[in-house]
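These notes open a run of structures that come right after.
Shared between the two complexes below is chain A, which has chain B as its partner in the first and chain C in the second.
Up next, the complex of A and B:
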């Protein structure tokens, strides 16, 4: 193939599109945090997120969130096609404000938990999970 | 998906008043994420359970919003306080409008 000005430009445009895809997913996660907190400051600590360092199968990754005094916990997987994973709301008879479940991860990425405390403040925890086989089909 | 959905819940049969107990729940459901494609390249439409709640004698214990990133056969483990004898009620809400319910009695010794 002859390297014309047109083909070079097309190649450049293609690379740009590929590069912007993960950025977009990341921005969606940030938007989600923004809508959950309403732009309030988020403190580190106060919430514990337990996730494995290495997950062989991205289809079932066990996670646990624990935040004493939280009324709500939002869990997100920043590298998934849709970053939202689950929202836990704790009622009057909830004992420890912790919960565990199993989630899908598309690939190696950061899992983030944001807790909304009863006094209206927010706390954040994150964990990086290495995924050997992604869990989004395809 | 209304067929083959079976909720399973593990709750202790007895507890002391004011005790904290651990509840484990699992419901068989394929949780189709809407990301997968079939053999012809068509996207398989999303079909998941989008909400799970647990109540005890009408008082809420936990209310979970599920998204497509929850694994097949959604499993949850959480803790509840038992102030008196009564009944735990578990409810799962499917994308297709189905509601699956399960109840468990607990007595206070």
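Up next, the complex of A and C:
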């Protein structure tokens, strides 16, 4: 499948997590990582996760993942009731191993990306995205 | 062989000595009469490039009084670091004598009495004189405006920023970046920017729908000055749709985007830039952090947090210059750029003493022309301050202007508790001074002024205070929005700035009964400057005007309702 920017956005829209319940899903995220990696060691570095420090709108937060040499990248919002956001799969002929989408965040939390490399190793990146009710600018 | 860092440090020392000549000697000048324009403008032109920086004018065309903060807490790695020093600590660090002109310009102590001696500050006609003097020494100096220019006064509101656009255009800036300008609404901002005779820059101004750089605001512009190819990269306020109403400019997205900043630096270096200047509205601590993450920025001209620093702060090989607010200061930075590198600098923070610096006649006339249609309304006297009452705002917690605004909200809107935004703009009023309608607008003018009245539970009030406190006291500067703590009336609390979000605020107390705030109980809360669309209520300036006119003479009780720990 050729991922155009628009189809990535639509994909993102399709997997938006609809939720307004309190954050209690961290364990679910850890379980998801366990099943994705099969318990293998995960290295820091090798995958880049770009996300805003503070979300302009927690309902649609733009994120981007990039992991040269990855065959799959799992993206999770660890504080959402359903942490699973997306798994991007890249074929052997993929020109770039990056994807962008928009996710919904139920509150301030850690967004995690885990890349499965073609050699079977795993890499991880994370970013804290703050969801705030808004302040008063200087 | 001298490394680049040695060069910078040598010149930092030279700048400090020079700054001493500029600042320390003033202490010997006992009175205003001894201070001259020549002394304020004295500068040994250096190197081959001059930058002139002015920022956060907040539409203050005319001279004003402006009291610097007494409390400005630094957290995390910035605890005790500039700009988080005030009063005597600030004077000690920079060798400023008590009671000197510099003490008056840069610190808060004895503000009211020193103001009697040294007079008003600012006025864009005085700023014009300073700019002209720098241009006389260096005709191709770059004039860079850090934004928050088209906001903050009666005339700016009623002309939708046109008064400021007209006067600033006459000063001929080379580039500008943005913050409060966007609260004019995106269609008005677009309309002005399309006709702007200088560059409107923002590498972090993106199209919200596609998350791509916006076409109207280029990331950078090249200038060739003194034979040097200079790239000026703009950095708009990162948290505009969060700190201000995003619904007013839904087409735009911001953020710090330091990866994109690095791409832009690499791009301009690749195109032969010998000097890279970032014109920033990040706020000082965010700029410091950005300077440590982005490689290749020579100079950051820092705005947003309204800090005025007599010397640049060095982070790696980047110098960060902070130039105050409300037209009170102009920074001049001379640079020696050779062989594609910045070899040294000389810097001066020039305070605009309005009674010392002669106004530029042409700009004076232009300012008066902007104000002419409104003069009668502007100058109407609404009340006076008592003989011992100064009104000011700057500081991490309530200033006296905020206390007055909160009193007005509680009494005019019949509320238990008042909330007022922790903005850093707004000039001061001296004891025994008339309070005019213009003065009230100077501390309240904005495009979302509705003074709402609503019911909030104790739990929600706690969430609000915690949320705003984290925007100010999060130890990671990238999570700070650069305002001050929300101001409160009718409510006391204790704050431990070292705690994480959710546990900083305790002992919330309803002042009128002395009882602790009950999480489950509902309270009547009045406030203004809500970022939510469809907020209803009278404009805050009408609420405050009505309150002041009923009071006549303003005399406020000392406010001891916020207990701050962990500083």
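As a convention for this text, the second predicted complex is superposed on the first by the 106 of 138 C-alpha atoms of A that agree within 3 Å, B and C clash if a C-alpha of one lies under 4 Å from a C-alpha of the other, contacts with A are read in each partner's own complex, and residues count from 1 in each chain.
The working rule: a contact is a pair of C-beta atoms (placed from the backbone, for glycine too) under 8 Å apart; a residue touches a chain by one contact, two chains touch by 3 or more.
If you're wondering where the values come from, they're calculated on a predicted model, not measured in any experiment.
Contact with both chain B and chain C is seen for A:100 once the two complexes are overlaid on the shared chain. Contacts of A:59 after superposition: chain B is touched, whereas chain C is not reached. In the superposition on chain A, the chain among chain B and chain C reaching more residues of chain A is B. In the superposed model, A:50 makes contact with chain C only, not with chain B. Looking at the shared chain after the overlay, A:88 reaches chain B, while chain C stays out of its contact range. 100, 135-138 are the residues of chain A that lie in the contact sets of both chain B and chain C, per the superposition on chain A.
Interface residues of chain C, counted against chain A in their complex, comprise 56, 148, 179-180, 208, 210-211, 237-244, 246, 253-256, 259, 283, 304-306, 421-425, 463-464, 467-468, 470-472, 476, 478-479, 481-484, 486, 501, 529, 531.
Against chain B, the residues of chain A that register as touching in their complex are 59-61, 77, 80-82, 84-96, 98-105, 135-138.
Of all residues in chain A, those touching chain C in their complex are 5, 50, 52-57, 62, 100, 108, 130, 132-138.
Chain contact summary for the complex, chain B toward chain A: residues 20-21, 33, 35-37, 55-56, 59-72, 74-81, 83.
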